[in-house]
Amino acid sequence: MSPLVQIEGVTAAYGASQALFGVDLTLKEGGALALMGRNGMGKSTTLKTLCGLLPPTGGRVRLAGVEITGRPAHRIARLGVGLVPEGRRCFAPLTVAENLLAAARPGPWDMARVGALFPRLAERRDQVARSLSGGEQQMLAIGRALMTNPRLLVLDEATEGLAPVVRQEIWAAIARLRAEGGLSLILVDKSLRELRQVADTAVILARGRTVWSGSIDALGAEQTNRWLGV
Amino acid sequence: MSAPILALDRVTKRFGALEASRAVSLDLRPGEIHALIGPNGAGKSTLIAQITGALRPDAGTVSLEGRDITGLPTPARARLGLARTFQISQLAMGHTVLENAVLGAQGATGARLSLWRPILKDAALRAVAEAALQRVGLAEHAGAVTAELSHGQRRQLEVAVALTLAPRLFVMDEPMAGLGLEGTAAMTGLLDGLRAEAPILLVEHDMDAVFALADRITVLVAGEVIATGAPEEIRRNRDVRVAYLGEEGP
Amino acid sequence: MSAILLIEQVLNGLQFGVMLFLMAAGLTLVFGVMGLINLAHGSLYMVGAFAAAAVAGATGSFVLGLAAALAAAAAAGALIEVTIIRRLYARDHLDQVLATFALILIFSEGTRWIFGSFPLFLEVPAALSGPVTLPFGIEYPAYRLAIIGIGLAIAAALFWLIAKTRIGVQIRAGEADREMIAALGVDIDRLYTLVFALGAALAGLAGALVGALQSVQVGMGEPVLILAFVVIVIGGIGSIKGAFVGALLLGLTDTLGRTLLPVAFGTVLEPSMATAVGSALASMAIYILMAGVLIFRPSGLFGQS
Amino acid sequence: MGRETWINFAIALGLLAVPLWAWVADEPFTITLATRVAILALAGVGLNLALGLGGMVSLGHALFFGIGGYAMGILAHHAQTFDPLMEAPFVIEGTKSMPVIWLTAMALSALAALAVGALSLRTTGVYFIMITLAFGQMFYYFAISWPAYGGEDGLSIYVRNGFPGLNTLDPIQFFLLCYGLLLLALFVCARITASPFGLALSTARQAPARAETLGFSPFRLRLIAFTISGAITGLAGALFADLNRFVSPAMFSWHTSGEIMVFVILGGVARLFGPVAGAALFILLEHWLGGLSEYWLIYLGALLLGVVLFAKGGLVGTLLRGRA
Amino acid sequence: DPVKVGMITTLSGGGAGLGIDVRDGFMLAVKQAGNPDLEVVIEDDQRKPDIAVQLADKMIQSEKVDVLTGIIFSNLAMAVIPAATAQGKFYLSPNAGPSALAGRGCHPNYFNVAWQNDNLHEAAGAYANEAGFKNTYILAPNYPAGQDALTGYKRFYEGALAGEFYTKLGQTDYAAEIAQIRASGADSVFFFLPGGMGISFLKQYAASGVDLPVVGPAFSFDQGILQAVGEAALGVKNTSQWNKDLDNPANVAFVESFQAEYGRLPSLYASQGFDTANLLLSAMAKADVSDTEAFRAALKEADFASTRGDFRFGPNNHPIQDIYVREVIQEGDVFTNKTLGVALEDRGDAYADECRM
């Protein structure tokens, strides 16, 4: 069986400035992959090329064996990729309910189930997203991605700026999503401890290249020291 | 005990039915870092907005060095020595790093803005700006256009601009947000040194940083202060653990 | 001025307002919902009127003319969306102003090239020509009543479309963050082409309906465009409800200003002076209204700040 | 010197060289065209201060252009007919002296800009565009229907106003006068841009919250810039009226506002010499295409469209990129 | 010597139809004359005063024309004519005749070959007396030409006014005005609403059910416009110095050749363009343009066969001519005008006395 995500030698650039120089990454169906690296090393950019938000300038991206390199974002999303972007990017003038509705596609995840996962969102159904607190917006972004009923959920710093309890809540929610099976994950986060609990494999980027990959348990002090600065 | 620099007295703010600040009182004393923590949506940013003047409280007063500033607009507060950094960087992206800092130095002088004399030729302002950049470690990027900076560098520039103001106090909204582990450590070191210059009111979710830095911590939940005290007391406080830190908190 | 006349003038004001709403509805869709300043909206209005006049002239059927207006304007709208407008969403307002200003030139002169420099003929359908008698003995043109009806129906339909349907939500989401809505699986490009074509079709419909009352000529879209902008700015951009209220307010202000101001000045000035001053002020009235509204409500009556 | 400085230098030189050549070759109309470019560029320089530096997209600058024009028209008209502008409480006579007219034009348009700005700057974005348009339209309709100074027919001034020591009726001398004022305005704008005020203003454009926390009120900064901007455009209006020896409400129309904006965008927003390049290109196009076909506006439209879509940053921006 | 004519007229945008007719009429006469000494340069003013001024500068300074002509609209005429005549050029106006240039602002080198702006309105006033109107409602747009129109009408009209109303320039909806008219107790309506404004007014008036008699100047009932108004205009009386059925040889030949050349019926404006060119040709036959005095005298004689019959210049170089009343009729499926009679005979204008030259 072909892996769910297979990224091979992807390069990408913002205008004239190149950001990715050769990223390789493989995620098997049902797996959870931690994408790591210092600030500005290309984590978000890699995720953008995967989701079709930034067409790669070279290399290949495959989803469940189908080549999707350079396809428009909405096509890729419909193949089952749900994105929780860096910086939340909720639809500011829309209400919570409308934010969720805009993304909805048929499947097990619906308004009620998202509301059960994040009761706070259910309470604020009719509040516009721009007046939500940062944490509430983060929950909304995750809920919104779930509403597309993805097979792959891509979380780019999903716990940034969240209170510890909420962060724990979200990690618990992620763990639950994992346990229920069926959903594969790619995670970017700065908390190593939590990543270790959820992810099974890890990829480290430096200067737009894959510099290390393997089982997360194999990630030792030497690598974290060298590539992450801790 | 020295007189507080900043004092909030029963500040209250409502958004419709929601009470985002409920009679919040707190103060900031010389030389301290006072951390304001609380769950998402507790009303921290709302409180900061009332301190800096973006929002006006429905009731209660905000005073700076004994002077009531509740009704003052933001620029007037800035001129009184209130410096803030933003949760999401607010920088002139098209300007160079130096220009962003020099304008802060200009603001600090409180002088009327000249329309004629080129600002970059003003040696005194440049010196202040360059010193601030030096301190946050951006000196060699002074000529770079701000849009080209990495996220972490922009956070550093935010702090540098605040430094140029030579303020009476700092109000910082999540300065660690979006910084990597390394960056967080560097920022922690920077803030640690800063408190000698002016006290800091710090809003932050990074508990490692908060407990490493804060002299006092105030916990806000649902718009209300549920505890204020030294870090150790807060760490041990049951209510705080339930409402915010969680059982596995540091 | 008698009470009956006053009632009739209020009715005229409302009718003018509804007419303006027809013009403003498409504009607010595109302008508010998609965040695009489309100065060429007036050109689409003109395209509708010319298509209607040409087809009605050739076939003798007003209904066919209306259909042609809808089709031609929608097609023109879709065409410019795909080739030009699409590249402007991400640009700032300035680029949009310049590009659509250029489109006005192209449309106007292109129309003149095809249809010549003389106004075309478009007539109110026979079934609706002439007046009907309303309560209080008010005689009112049947065609204008029909316009009021159509305008109200369109207002309701649009309001429902944008506020209540999933497509409406997606359109608004797309305005807030195009890239994000695409990443959630919505084909925003196609959606926007459709919306733009819908807005254009509304403009074309307005052009055809109003063209039967007015003169179908090159440049007819411009004064209308400005009025429509005033309407949606008063109402609050992006709000169909705002456009509706704004249009009625503007229609009433203009009509009553025109008729009442000279009378009002007549009480203090000599007659010809009063008409001159009164009508000078009346021609500025809607702009004064707009400035007044914006000074007290900087984002219009129903706009979100 | 930076690349942009060289481009600016070339533009300034070009605008001077062409009419000088025309003077030698006895082509007075070319001088007239160049004068037109200089004056319209000056109007654009005014707008650019608000638009480029301050981020205020004003679609109402025709208002100041028109006020400048009418300041000239009314003063010269009274001088021409020898009846004073005002008799009580003190006498104000008309004048044919350019310096007096310029000062009046600038003062009046600055005053108008101050008032319009104070009201309009409460709004932002599209609302600002439209409220400035509304103020322009108010004046337009007022000027059309106000009979005292010709209404829609406008006012003709038979002889161009005078400047001490110059013969303004000589096209090249009048050109040099306008050119000098343009350079002066450009110099002033360059200084303002580099000044503390300019830096604060453009910070207020890019990050208003930042400007506030540094102690600057964005509203005040914008209002001051808008006023200066209005004064410069007003001066251009007075010169334009002198060039045509005629003023009419058309100067107030939204087309005029649109055209001034087109100069700025065509040349490059927030580029010092953008309006100069834009006005020159526009006038050239108008002049050349006008002779091509009765439907030349189609070509003009297509060209403008091409510039917006494919030449980001306008002419100056494109030149900068082309050489980079 | 050859004569070079600069024609500045409106060929694009809103008022283009009028400029095109003037140009076509003018060029028809030029073609028929076949005079190799006459050269014409044509430019489009876009109906913008500043463009018109710029074009005039260009024609004078770089094309070195001897005669200027072509302007349609009064506000553009005011911008161009005083400066052109001050520089010693001849100006022959084929359409606009603002009062300022007929009175104190008259100039020996400025000839108006159409009418003084008030003329057709004056004729409408005179006709109103004849038709027995006692209580007319009058309206016009609020700008100088509109104000002049109402003044002109009142100059000859002897009855009472049921109302006097200024509309906004460019207005397209007249429901409010029509309601005022209905309520005013008027027995007739006079309006001056040029271009699209007139079309809109007439269509809406027809639909309103008010059926008071209407009279107006020819501008809203001319050939180029009538097809767009349609049946709504049938029966309306309007005043004009020309009509296509005027029975003089010059006119019969003109109407026929214009139709043959351009495939449409000539309009008022076309006839004015045609007359302007013939006036110029008649002067060229008598004098050399470089001899200003002689050429001016030759122009003043107006020794050409005008399409409107008798034509001569008054002391201020404005026409003295008959002004007719016409009625809108339908011929087959074409709407056109039929001459009913003369409203004002040998009419000069009200400003000639103020002209000192």
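Labels A, B, C, D and E are assigned to the chains in the order they are written; within every chain, residues are numbered from 1.
Convention: contacts are C-beta pairs under 8 Å (C-beta built on N, C-alpha and C of every residue); 3 or more make two chains touch, one makes a residue touch a chain.
Note that the structure is predicted; figures quoted are calculated from it, not measured.
Undergrad: Kindly list the shared contact partners of subunit B and subunit C, in label order.
TA: Neighbours common to subunit B and subunit C are A, D.
Undergrad: Pick out whichever of the two, C-D or A-B, is joined by more C-beta pairs in contact.
TA: C-D
Undergrad: Go ahead and note the Å separation of the Cα centroids belonging to subunit B and subunit E.
TA: 74
Undergrad: What's the distance between the Cα centroids of subunit A and subunit D, rounded to whole Å?
TA: 51
Undergrad: Compute the distance, rounded to whole Å, between the mean C-alpha positions of subunit A and subunit C.
TA: Inter-chain centre distance comes to 44 Å.
Undergrad: In angstrom, rounded to a whole number, how far apart do the mean CA points of subunit D and subunit E lie?
TA: Centres of subunit D and subunit E (C-alpha means) sit 36 Å apart.
Undergrad: In subunit D, which residues are in touch with two or more of the other chains?
TA: Expected reply: 141, 144-145, 147, 295-297.
Undergrad: Residues of subunit E that touch two or more other chains: which are they?
TA: 12-13, 142, 147, 166, 168-169
Undergrad: Name the touching chain pairs, please: which are they?
TA: According to the stated criterion, the contacting chain pairs are A-B, A-C, B-D, C-D, C-E, D-E.
Undergrad: In the complex formed with subunit D, which residues of subunit C make contact?
TA: 31, 37, 84, 87-88, 91, 93-95, 97-99, 101-106, 108-110, 112-113, 226, 229-230, 233, 237, 276, 279-280, 283-284, 287-288, 290-291, 294-295, 298-300, 303
Undergrad: Across the complex, what residues on subunit E touch subunit C?
TA: 12-14, 16-17, 20, 142, 147, 164-170, 172-173, 175-177, 179-180, 182-183, 195-200, 203-204, 206-209, 224-225, 227-231
Undergrad: Would you mind writing out the residues of subunit C in touch with subunit A in their complex?
TA: Per the stated touch rule, the residues are 166, 169-170, 172-173, 175-177, 179-189, 304.
Undergrad: Enumerate the contact residues on subunit A facing subunit C in the complex.
TA: Those residues of subunit A that touch subunit C are 51-53, 72-74, 77-78, 82-83, 85, 89, 91-94, 98-99, 101-105, 128, 144-145, 148.
Undergrad: Which residues, counting only subunit E, touch subunit D once they are in their complex?
TA: Residue positions touching the partner: 11-13, 43-44, 48-50, 53-54, 57-58, 61-62, 74-75, 78-79, 82-83, 86, 98, 100, 142-145, 147, 166, 168-169.
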